[in-house]
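Naming follows writing order (A, B and C), and every chain is counted from residue 1.
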Amino acid sequence: MSFFLSQVIIGIQLGSQYVMVALGLTLIFGILDISHFAHGHMYMIGAYLLYIVMVLGGFNYWLALIICMAGLAVAGVVVERAVYRPLRGRPSINSFIAAIGLILVLETLVRGIQPNPLSVPQPIDSTVHFLGTTMEVQRLIVIFGAIFFVILLQLFIKRTRLGTAIEAMSQDREGASLVGISVNRMSALTFALATALAAAAAVLMAPLAFIAPEMGSTLILKAFVIVVIGGLGSMKGAIFGGYILGILEALAIAYVSSAYKDVFAFGILIVILAIRPTGLFKGREAT
Amino acid sequence: MTLLRIEGLTKRFGGLVAINKLDFDIPANSITAIIGPNGAGKTTLFNVIGGAMRPDEGRIVLDGKDITGWRAHNVAREGISRTFQTTALFEELPTWVNLVIGYRMRTRSGVLDGVFRTPRSVRERKETSQRVLEILAFTGLADYADKPAGSIPQEAQKRLAIGVALIGRPKLVLLDEPTGGVGLGETDEIITLIEKIRDSGVTVCVIEHKMRMIMHLADHIVVLNFGVKIADGNPQEVCENPGVIEAYLGEYIA
Amino acid sequence: MKKYARIGLYLLVLAAAIALPLLLNMSRKGKYQIQIFTLAMVWAIATLSLNLILGYTGQASLAHGAFMGIGAYSFAIMVERIGINFWLALPLTCLVTAFIGLLIGLPSLRTKGPYFAILTLCFNVIVVVVFFNWTWLSGGTAGQKLTIPSYLSQRWVRYYVVLFFLILVLLIERQIVKSLSGSSLIAVRSNEALAEAVGIRSFREKLIAFTASCFLVGLAGALFAMESGNLNYNVTNYLYSFYILIYLLIGGVATLAGPVVGAVGLYWLLDRIEALGEFRYLIFGLILIVFIIYLPRGVVGGIKQLWEWAKGRWTRKEVPSDTPAYRGPDEEVRGIGSD
């Protein structure tokens, strides 16, 4: 029983990462309708930035977290301005293709400079015992960190003017622009938020695994799976879907096979979209 | 003889009832006009008949066959074709290719026929070609045959959209504001075209706003308001109907 | 372009293609170059196959890398393990790949645009994982080898074999595009809702295009296996799906020359700048971004657009470049695609 419990907790931890990336994607894909397929690679850049700031720069972990989030927020705004804004108004597949170009640029840039996996030390390198299981503290940091950021995001959306503007855009973009909400500013803000969130996810996760150029690839696909199944533009769906996927994946690794763990998520997507092309939650259609 | 029968047709969008238990018939070989104030449900009616939307209640019967809930491509194949309020064409393709595509549902050649140049593909290309020429002549578009559909004048685009609807030999064409955005002189050309269509044996159903045009053109008028039929008859009957006068015609002098 | 001028241009290119190995065979460095061009033509076939689904029905598939790998492995397994005759295995490979394409297309083609792209990419990743783990199928670290008939052991012979198939695929695609069924595909790409309203079953058309596309990419896979002699699971890599897409977009989507120009040009370029190592693909990525924003019709499409603008036939909307020329009221419907 304690083994099962520890796997569930690992699943929640895995899910935390998915939730943070999927939420960012929900903002961009679901609300701005931009097929920002390179979001996973922004996450990857966040992890490498952490290495630079923390290992090369000597900053402490928590300070590095803030620096990485800020740095990546800026990067997100730059990407939106340079790559996606010129494509506004064109069919969304064009943005998707541009994102593929961006993926190649980011991944090969990193791999060309440093192809070997790197690692980053855990800020609190110890374990904790509870409920009969033993867990690294970092895993708990991930779980609570994610909850913290998700709540922060929800507060921002619901309680601030800017956040309300984003929500307005998610409901009706044309209407929002008619009441004076600037699409340009909102796009930049949304990208900044989403990319900062991805950076946070990367910083939280990095001490638990290796940092490698490919780390964003399957992550982005899973995030898309979560966003589409959870319902485009639905933040609740992204949260729910992220945790469920994390738990199911952890259990699958533990009880079935670790080799096919990625296949699992994608197989689900194909099956669900084949049966219900509109996704499981309320949102816009995929067809 | 009734070509199209609508029985109890209802379509809702959330809380809004766009069409409400509509009953009427379209007689064959006639020009039937659907009129009514904006938002009366006219285009929704065409969307439902044409198969772009499914009705919530009611029946649509074409020539004795129940086609309720059929999808657009099947409705087209069965013999109802339509035009759209915002002219829908394959804009980057030449006029004549637009017509070829309109006739495609009447040909059965597939990819293999195309690759191997089977006798069927040769025969059907000839057939298509002939039909394209006929429609180009019928709609007076021969001069524009070569040009991308998006580049020809607005009024010619309307005639092309009608041509695309006609080329597949439909039983019934639904024309959604065929003279929308077109000037007075050119309106007459389209009116003549519509009458030619009726005379050639195809039944026409038109949504229109231009009252004088409708009074002269239509054999049969159905008036809608808020999704409900408020009058149904020949032009004389309709413009004497007090409900119609109150809802729509205002100060029209017969 | 006048019909005879165009035919002349094609014959010139064909002559150059035929003459190339004869020239290259004279030096040792040249002999190596032959293989580059052979592989470039294999990628051109794969790019032409993607053109059928992306250029002519407007759906971007990111699974073609996987299908190419499936084709390569099917061919190798048929010839090496089952013992089927080399030349018989070629069309069989195409059928196998087409069949799998049909199975994948059925659930996927109900979605559109980026969703379809994601679904196909998911499929590609699944295939990679399966091939990686299922060593019985993929041959594990040793991979799967392919023994080719002795008369194909010379590089230049294989070059001509691939050239033959490239021309064949070009002709097949041209026939499809120019046929009545081609007009249905173009209609679906141009305005799907209107196509449905005129009786075209868009799902069926997309499925046909996708299956035909997989048929052709299976051929590319088999020829890839022939040229490589040895395969491992990496041949299904999803990066290949990206590269094929890049070749197609840079060359010119929805044209017949575009895929060939893009694939041959870029693959040759890749070899030329090999010294840059990993950064070659960075350049690819940058080129893709620049092209998709500023030159979405690619090189060939851009040239055609200039031509059409010069002749006064230009419209604002983005065009699949193969627009036909009507030649007079008495002429039969001679070509729906371009010459």
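In this text, a contact is a pair of C-beta atoms (placed from the backbone, for glycine too) under 8 Å apart; a residue touches a chain by one contact, two chains touch by 3 or more.
Only a predicted model underlies this, so the values are computations on that prediction, with no experimental measurement involved.
Note: the chain lying farthest from subunit C is B, by mean C-alpha position.
The most centrally placed chain, judged by C-alpha centroids, is C.
Annotation: 41 Å between the Cα-based centres of subunit B and subunit C. One finds 49 Å separating the Cα centroids of subunit A and subunit B. Each chain gets a centre from the mean of its Cα atoms; for subunit A and subunit C, those two points are 33 Å apart. Looking at subunit A, no residue sits in touch with two or more other chains. In subunit B, no residue touches two or more other chains.
Listed in rising order, the residues of subunit A touching subunit C in the complex are 35, 37, 83, 86-87, 90-98, 100-109, 111-112, 115, 218, 221, 224-225, 228, 259-260, 262-263, 266-267, 269-271, 273-274, 277, 286-287. Remark: subunit C residues 60, 106-108, 110-115, 117-119, 121-123, 125-126, 129-130, 132-133, 242, 245-246, 249, 277-282, 284-289, 292-293, 296 touch subunit A in the complex.
Interface residues of subunit B, counted against subunit C in their complex, comprise 50, 52, 71-73, 76-77, 81-82, 84, 88-94, 96-97, 100-102, 104-105, 107, 109-111, 113-115, 117, 121, 124-126, 128-129, 132-133, 136, 142, 145-148, 150-151, 164-165, 168. Within the complex formed with subunit B, the residues of subunit C that make contact are 172, 175-176, 178-184, 186-187, 190-191, 193-202, 208, 212, 313-320, 323-326, 329, 331-333, 336.
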